[in-house]
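The structure is given below, and queries will be raised subsequently.
We call the chains A, B and C, going by the order they appear; numbering starts again at 1 in every chain.
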Amino acid sequence: MSQTLAEIAAALGARLEGDGALRIAGASEPAMAGPEDLALAMDPKYASGLSKGRARAAVLWEGADWGALGLEGAIFVPRPRYAMAGITRALDPGPEIAPGIHPLAVIDPTAEIGEGAAIGPFVTVGRGVRIGARARIAPRVSIEAETVIGADALILPGVWIGPRVTIGDRFICHPNAVIGSDGFSFVTPEKSGAEEIRETLGHRAEIRAQSWTRIHSIGTVEIGDDVEIGATATIDRGTIRATSIGSGTKLDNQVHLGHNVVVGRDCLICGQSGIAGSARVGDRVVLGGQVGVSDNIFVGDDVIAGAGTKIMSNAPKGRVLLGYPAIKMDTQIANWKHIRRLGRMSEQLAELRKTVAESGQSGIAIEDERGSDDDAS
Amino acid sequence: MSQTLAEIAAALGARLEGDGALRIAGASEPAMAGPEDLALAMDPKYASGLSKGRARAAVLWEGADWGALGLEGAIFVPRPRYAMAGITRALDPGPEIAPGIHPLAVIDPTAEIGEGAAIGPFVTVGRGVRIGARARIAPRVSIEAETVIGADALILPGVWIGPRVTIGDRFICHPNAVIGSDGFSFVTPEKSGAEEIRETLGHRAEIRAQSWTRIHSIGTVEIGDDVEIGATATIDRGTIRATSIGSGTKLDNQVHLGHNVVVGRDCLICGQSGIAGSARVGDRVVLGGQVGVSDNIFVGDDVIAGAGTKIMSNAPKGRVLLGYPAIKMDTQIANWKHIRRLGRMSEQLAELRKTVAESGQSGIAIEDERGSDDDAS
Amino acid sequence: MSQTLAEIAAALGARLEGDGALRIAGASEPAMAGPEDLALAMDPKYASGLSKGRARAAVLWEGADWGALGLEGAIFVPRPRYAMAGITRALDPGPEIAPGIHPLAVIDPTAEIGEGAAIGPFVTVGRGVRIGARARIAPRVSIEAETVIGADALILPGVWIGPRVTIGDRFICHPNAVIGSDGFSFVTPEKSGAEEIRETLGHRAEIRAQSWTRIHSIGTVEIGDDVEIGATATIDRGTIRATSIGSGTKLDNQVHLGHNVVVGRDCLICGQSGIAGSARVGDRVVLGGQVGVSDNIFVGDDVIAGAGTKIMSNAPKGRVLLGYPAIKMDTQIANWKHIRRLGRMSEQLAELRKTVAESGQSGIAIEDERGSDDDAS
């Protein structure tokens, strides 16, 4: 993977100063850099780190004096965080999957595998599957009947992709993800307690025994181009239509999408978030870690939700949300501050009641308050 | 999978009108239906969708005029949601697993495989395992020594079932689930900080270095009949007894059950919920998505908990819960409403204190409130 | 696995009374014990259970009269919970993985496998991998290029360990865990809405279309000695340095660690907890189930966080935390109590305002309060 500093600068569209012929084998934080590492020092605070490490080349902040920092060459980039994309792409060796189809893969004879594809051992590919050109399918992946995957896919070990799924180009899927599992959809012959609760917000006329009959998932999953799915993420197929993920959307590890969920384009869904059945999420939505979206609701375009937020009702487009239940982020932060002051508020209120009662005004009696914990579970 | 409309009506116990000989290959939402799809239009709001799609047959709401809707046949069902179970079951092609045992499966010679079972490639079956009749074991499943599984099991790729597990009939297990992993159980030679906290609700006499010794899990997992386990769900084995799941209970994707947990019959545990070690959950309990149940507590029969609820103490039977910490759902909704009004309450209280102070009554002084944020982390 | 009672007593350093030659094949709760089970009855409350079961030997509470309890032998231990570690270790048969390398494993010829290692079928081991002595690698594990694993590892089915990972001795990894997946790190050419929100706590100047460019993860994962990783847990590799887990730390099932995370020594991270990218966690930290740690923050040594806690800002060492957002546990419990009393506080405040208004003091007007729900999502 070794490249010259000049090649990297060219790939990034960055300005090069000093020795462009320096060989670069990796990237590193400044203090830990070896002589073939490109030190990433986009901020003056890293200057001292450079003197601890052994880097000969670095990415530097605008205006830095690379000679004085003991370097032999340097490159300069306008938006450092964005430059990271190019630097790491240039230096990523990628997974090692031997070209061709491994003899211990089990490929259905009706499957069509694109030109230049690499398929590892212990892979199964079902009837009528079509996989695009240059796909890299790592060991221990299963792709079920009639599924279609575009060009340049990278699918890592342990992934399962169910039947009749369609996926666009440049798909990346991390280990042990599951795409196209059956939805979690069960029904009782009579209306169930959970159905009743939803209508009454907590009241039940009577509790009946009930057992669950399975609604099968005969829909599928449709995934656009440039989608990335995290490790052990799970995406259920639709009941009779498709669960759908728009182009450019990225799902982190352990994300769960229920049946019939529709997620728009260019969304980021962070780790351990879950979207319940039949919810619809717009374009460019960003959900932080451990967010939940209730079933059958709508989350508008450009919504951003902070970590741990539970979105339990429709969210208009552009809304910034936080908390359980989700409300506007600034309101939530204000509410949390009020809650931290509740002890004092409670004391002040008690004091005020006492003052007013003692002043002889009517209607205030100071009773015992211990009964009010009774509603805890 | 093509069937006639009359066959489907008979399977559902539904009333048929029109041409029962129409061939049905799938089901669809009305607007997206092709000529061999059964359009699902159980409500008058779908009438316009029918005119957009190309369905010749539909499931209709009671009283609909199928001829006027441009259909050639229709069926009528009393409870549409329940009818979905029958319709989707009739039209689900199911997974394609070739009959017999694949030559690339590694089956211990002492294992007993039931009549009519299908076992895919890259499966391992351990010493003394017994698997019932007509089991369908997909590729890349591992079943460890002495485990016993009933008739008609469907086990999908990547599943691991540990040793000495017992599972009833009609078991369905989705991809990459893990059943019978070791419990998360560690102990320190002296009482640990975490043990102390539990007793004192947050106070520690002194902080000591501590390292963890493993308590091995030599118990097992016992699963009843008609149980379904979601993709990447994890179920730990018991320490010395069995983790247990009652008949008819369904676990969604990414659910976690700790060691020694007992879950009753006919429960629904939705996605990403977790039940900590040694908790006991009654029959017909419904937990929404991302619910947590603390260790060693009891959740009574017929409890229903809304999404995101954290049940941290015993819950009596029939209780409907919501929130963190869990309290009765209607109380929680009222509390959330009060919290949204805290800003106004705080202003009113300040105004009232000022009024009363100015009126010359005793004991009220308006101090600076900024100190009260100190207890944030 | 049958041993004598005397052998078990010696392994535990426990006091033996009665017949040390009794053969013990397992351990059990007293009431369910068979004649070859060691009944675990460390507390007098189990006395009645002993009479229901058929145990001939038991672990008893100090001072118990084993003869009167119908036993033929007994052992006595000082700290019963700690003794469980030794008892279960002595009686755990462990997984059955045949010695040597299975012919259906695909091992790169440059890999070095330690003496006495056992490797199951359908395993892949990449270029330059080094695995220590006596490793037990179960079926369907993949270990990628240049990864190094110490002695006495136990790696269970379905695990994926990415390239260039380093792991110490006595590593235990449960089924379907993923170690070394790519970080979830994306960037937009211009500052994204999520970046802006962080700076403004919720305000956005304008909403722009944006799509995501991938920052590749060219760092690795470094894991110390005596680490245990739960089933379907996921650990992302670092961007340019290593995600790191200190010696003695244990991760439960479905835990997620983001890229660049550093977790110290002897920590316990319970089920379904997640630590977001670049967060640093000290030594001996205990996180309960479903805890979240925000990205780029610091959690000090000896912090303990209760189940469901979301740690959103730096936590000083020794802090005991609870809630969303995390605050000190005792303060949180007090706040939750105040919240349960908000209904009454609200009534009292309204009543007081009315009283004061009627007494003719200035400035109080009782307006309609219905407008205050407007900020809900």
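In the analysis below, a residue touches a chain if its C-beta (ideal position, glycine included) is under 8 Å from a C-beta of that chain, and two chains touch if they have at least 3 such contacts.
For reference, the UniProt names are A, B, C = UDP-3-O-acylglucosamine N-acyltransferase.
Just so it is clear, the structure is predicted and the values come from calculations on it, not from any experiment.
Asker: How far, in degrees, do you have to turn chain A to put its CA atoms on top of chain C, rounded to the nearest 5?
Answerer: The rotation relating chain A to chain C comes to 120 degrees.
Asker: At the interface of chain B with chain C, does the proportion of residue numbers present on both copies reach over half, so same, or stay under half, so different?
Answerer: Mostly different residues form this interface, as fewer than half of the numbers used are common to both chains.
Asker: Averaging only over C-alpha atoms, locate the centres of chain B and chain C and give their separation in whole Å.
Answerer: Each chain reduced to its C-alpha mean, chain B and chain C end up 21 Å apart.
Asker: Can you list the chain C residues in contact with two or more other chains?
Answerer: 104, 122, 140, 158, 176, 232, 254, 272, 290, 312, 324-325, 327, 331, 339-340, 342-343, 345, 349, 352, 356, 375-376, in rising order.
Asker: Within their complex, state which residues of chain A touch chain B.
Answerer: Going through chain A, the ones touching chain B are 104, 106, 122, 124, 126-127, 140, 142, 144-145, 158, 160, 163, 176, 178, 181-182, 184-190, 192-194, 197, 201-204, 207, 209-218, 232, 234, 236, 239-241, 254, 256, 258, 272, 274, 276, 290, 292, 294, 310, 312, 324-325, 327, 331, 334-335, 337-345, 348-349, 351-352, 354-356, 358-359, 375-377.
Asker: Using the touch definition up top, name the residues of chain C that touch chain B in the complex.
Answerer: 26-29, 32, 40, 79, 81-82, 84-85, 88-89, 91-93, 95-96, 102, 104, 120-122, 138-140, 156-158, 174-176, 228, 230-232, 248, 250, 252-254, 265-266, 268, 270-272, 284, 286, 289-290, 302, 304, 307-308, 311-316, 318-331, 333, 336, 339-340, 342-343, 345-346, 349, 352-353, 356, 361-364, 369, 372-373, 375-376
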